[in-house]
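Naming follows writing order (A, B and C), and every chain is counted from residue 1.
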Amino acid sequence: MQELITRGKELLADGSVVGILGWKEGDFSYNPEPAFFQNEEELDKFIYDGFCGANLSKFMIEASKKEGKTLVFLKPCDTYSFNQLLKEHRIDREKAYIIGVGCSGKLSLDKIKEAGVKGIQKITEEEDKIHVETLYGDKTLNRSDVLLDRCHVCKGKEHRIFDEIIGESKETNDKDKFSEVEAIEKMSSEEKFLFFQKELSKCIRCNACRNVCPACSCRKCVFDSNKFDSAQKVNTNSFEEKMFHIIRAFHVAGRCTDCGECSRVCPEGIPLHLFNRKFIKDIDELYGEFRAGEDAETVGPLTEFTFDDAEPQEAVERG
Amino acid sequence: MSIENKEFKPKIVAFCCNWCSYAGADLAGSSRLAYPADVKIIRVPCSCRVNPMFILRAFEKGADGVILCGCHPGDCHYSTGNYYTRRRMSLLFSMLDYIGVENGRTRVEWVSAAEGVKFSTTMNDFAKTIHSLGENVRLGDIRCKN
Amino acid sequence: MQRIGVFVCHCGSNIAATVDVERVAQYALLEPGVVHAEDYQYMCSEAGQMKIIEAVKEKNLTGIVVCSCSPRMHETTFRNAAKRAGINPYMVEIANIREHCSWIHKDKEEGTEKAVILARAAIAKVNLNTPLVPGESRVTKRALIIGGGIAGIQTALDIADAGYEVDIVEKTPSIGGRMSQLDKTFPTLDCSACILTPKMVDAAAHEKINIYTYSEVDKVSGFVGDFTVDIRKKARSIDMDKCTGCGVCSEKCPMKKIPSEFNRGLGNRSAIYTPFAQAIPNVPVIDRENCIKFKTGKCGLCSTVCQAGAIDYEQEDEIISEKYGAIVVATGFDTIKLDDFDEYAYNQSKDVITSLELERVMNAAGPTKGHLERLSDGKHPEEIVFIQCVGSRDVTCRGKEYCSKVCCMYTAKHAMLIRDKYPDVNVTVFYIDVRTPGKNFDEFYRRAVEEYNVNYVKGQVGKVAPMENGKLLVQGVDLLDNRQILKEADMVVLATAIEPEAGVRKIATMLTASIDTNDFLTEAHPKLRPVESPTAGVFLSGVCQGPKDIPETVAQAGAAAVKAIGLLAKDKLLTNPCTAQADELLCNGCSTCANVCPYGAIAYEEKEINDHGIRETRRVAAVNTALCQGCGACTVTCPSGAMDLQGFSNRQILAEVDAICR
């Protein structure tokens, strides 16, 4: 972490960058938040630890409008989002100085709590272990047990785009990314309905998923404009819960990098990534494997076609 | 009046592209090839004009089935429109199936301007499917019913 | 808020019989925005249109809904009426209550209910319509004719005479088409070649006409006034500039046993050949599939004997890309295959032939040098039976439901010519009906019966069976005498149904021109626009549109030419104003829409934007309305809904959805 701060200060000092996108301490030690640093003093609050899951790519949209470069810290998986935004001309490569930061998997506070930990005071990380100081004494957990779900399907330790890299990354991929989707696919239609009805009925339409999503970067969301008479609606019924999440997933289909931020930030704990991952799975199976953001050039699967694509009926019935 | 006693009159929205399927529907009409009056056609320039929002909106407002008809792949008036439609609807329908909407409620059919017979049989068949699925309750605003 | 007038058409009884039009009008009045509703006998008539115009003036209407036939039929009519009334033509919407309602629903209650809903949807849409103004596009002053038969030749001559460049694309090695295969023509009995050949020569000599024979249309893009067509000139294996047309190559060619297409397989041709003596161009073609040189690498005799050095075995297909303002389809016809008509023994006996084959037999340049003889043994026939409607007016799947139109007349012609030249031959014609509408047609038929004593029998033939004595046993029925007829015939001639040329579906697809269940190209209107395809800039000439004889074909060819000339004479065309439009405030500049645009109509520009007080330079989409054809692919690919389609906007379509589901 200190290395990152030092390097940040250097770059600020020599005028290479005019600002820094990073993370700073939150109200508690385990909830750091994204921050924009404009001078050395502010950097004292800079933090980079296991709870810095937040993907900073999206902040580059605003940063791209500024005079001068912004230093942005990106974890390997964040670089996919950065590439995707680059592809869509939403950010300016010239305005970004990318330091690829090392990552060995980010932690889920929810999982720590689920492990029976209460009254958390402080959390310290080791290679494979997490030490939690609580009001009721210390506790040690296996890092792999409290990783964010998305880290179990980690895209790899490679940064897809960067100017320099600081720190080591580790692949934490130990699960099949489609296993959850497959489990749902195996359900009966009734079961699927009940499953999603239950999950989606929790939605309070706080828009956290939308706001955090690097692919949901529209200047004005279709759900906020009058183009579809869909503006400013809240979920007044079971339809609208579904409508919002289906359309959101559809709009990011072929663009979603599966960063998992939507599920991470959902205050109701709705597994929103299940929508995106379903589309990713369908796209992979129907049109060939595609990983959004792997580069900044390849056109997305919904903006191209082949003459012998599957018919919609086949696509649905393929099981 | 109890709901069971009421005869189920499905609402079916058919989006038809102007060049092939709408003309196919016209041909079905001029050939007097009947299909249920439950089917109401909306003319769009191309099947690729159909936004998933339209389909979901129809369900929201009480539609029991939505069918999208376009030119056969390769015959699109705009050359490529229906290829995009095919991908988009494959994903959308797969998603609807995934969240538990009965998969017969949505359909894509390619109907050319010459296929009046196909248009009619398609609509008859689709209406039959919707009849057997019954009222759409899984994807809609319940308040729009009755 | 719009002030909408709703006009419900009875269409005589076409609509009014199964839709309570008055009730549709009454219910329409209850819809938001509707200030006027009425029903009328024929809305498309002048009186009907006047009703619209008057109502607009009286009630200050801003929008119009006509509940009538398909918009594909009369949308333009009613838009023009709106224009005459002084309101923007795009403030009109049609509720299709005929093709989509009255014609398919027998129950009046049901029909009315649906018509009310369809009207409601159209009203909901008009409430959101905005006036639209068309743009302009250029016209390339050049026409393409697909097919070089009499239809294509005549169209080409007429367009060229008006001063426009014309290209003819003909897939066979020569122009001339089916007419060049005919011997004599009804009802005047003049020789087909004698009247066709001069036209072929005229076309070839015309400075404005360029002929691509042995060529096919490969690809069509663009739109009315500005088509781009790729023409594939198939490798002829002959240098057309060097060839003198001396014919020595064909004479010397050792491969002579190939059935001649021109003679319908009744005679042979060589592997290097010109299809017939008067072929234009008089340049042979090497049939590579049958040529020994191409099959084995040996031979090359034609090259040796060619004084001009015109033989080019290395020649390859050439693609020519050309721009056209108008395209005329004149692809013509063929006779149907008779494989499913076993009862006529066509595949079993050489003496059972089709009428088109008889044309070749009767022709002095044909396989028998014009002598009427049995093809099995060359004997002079004594008894000939003609069978009409072979595959025509046949509702089974093997045949065609339609009347092929020309068979009655050519059969009368054949019968008359045979009786004239060989009075000893008995001629019997089995017919369902004899149809002779046309100038001097019935007189012609009566002459066959009365002067030439052709024996016409009303009834069909059930079976033709080859007999051991070489004759054919024809079992028929005489419906007027109500008796079975058994006849021993020497020859049987089948008036085989005609069908559109096999390649027409592919061509129609490339042109996005519609085609009916029989593969005939569809007219823009069956009565009022019979030579235009619904696809703008595409015109129809000859049998590709429906069965017709030579005078009708020539007349239609002229009509198609006039329509094409009318188009080519314009310097600019008004374009469809229903194009995509980007909302600059919503546009993300992501380029996704440009990726799916088939016309390259979307460009991006850096633009100073004032977004509610925030001034910034943004990358935003800009639609070139001259290129945009209005498919709407971009509108769905745009996540923010910045792209919308004029005339079919998101809100308009949603309003229709809502109205239907209400």
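FYI, a contact is a pair of C-beta atoms (placed from the backbone, for glycine too) under 8 Å apart; a residue touches a chain by one contact, two chains touch by 3 or more.
As the structure is a computational prediction, the values presented were derived from the model and not from experiment.
Chain B has the Cα centre that lies closest to the mean of all protein Cα atoms in view.
Comparing chain pairs A-B and A-C, the larger number of C-beta contacts belongs to A-B.
Between chain B and chain C, the centres computed from C-alpha atoms are 30 Å apart. Centre-to-centre spacing of chain A and chain B amounts to 36 Å, using the average Cα coordinate of each chain. Taking each chain's centre as the average of its CA atoms, chain A and chain C sit 56 Å apart.
Touching of two or more other chains is recorded for residues 222, 228, 302-303 of chain A. With touch defined as above, residues shared between interfaces to two or more other chains in chain C number as follows: 596, 637, 650, 654. Across the assembly, chain B contributes residues 51-53, 57, 74, 80, 84, 88 that each touch 2 or more other chains. Chain C meets chain A in the complex at residues 583, 585-592, 595-596, 604, 611, 616, 619, 637, 639-642, 644, 650-651, 654.
The touching residues of chain A, when paired with chain B in their complex, are 181, 184-185, 189-197, 222, 228, 230, 237-240, 242-243, 246-247, 249-250, 253, 275, 278-279, 282-283, 286-287, 301-303, 305-307, 309-317.
Within the complex formed with chain C, the residues of chain B that make contact are 11, 13, 18-20, 22-23, 25-30, 32-35, 37, 40-46, 48-54, 57-58, 61-63, 71, 74-81, 84, 88, 112-117, 120, 144.
Those residues of chain C that touch chain B in the complex are listed here as 70-73, 96, 98-101, 103-107, 110-111, 113-114, 117-118, 121, 221, 509, 512, 514-517, 519, 522, 534-535, 578, 596, 598, 629-633, 635-637, 645, 648, 650, 653-654, 656-658, 660-662.
Within the complex, the chain A residues that touch chain C are 65, 88-90, 217-222, 225-229, 251-252, 299-300, 302-304.
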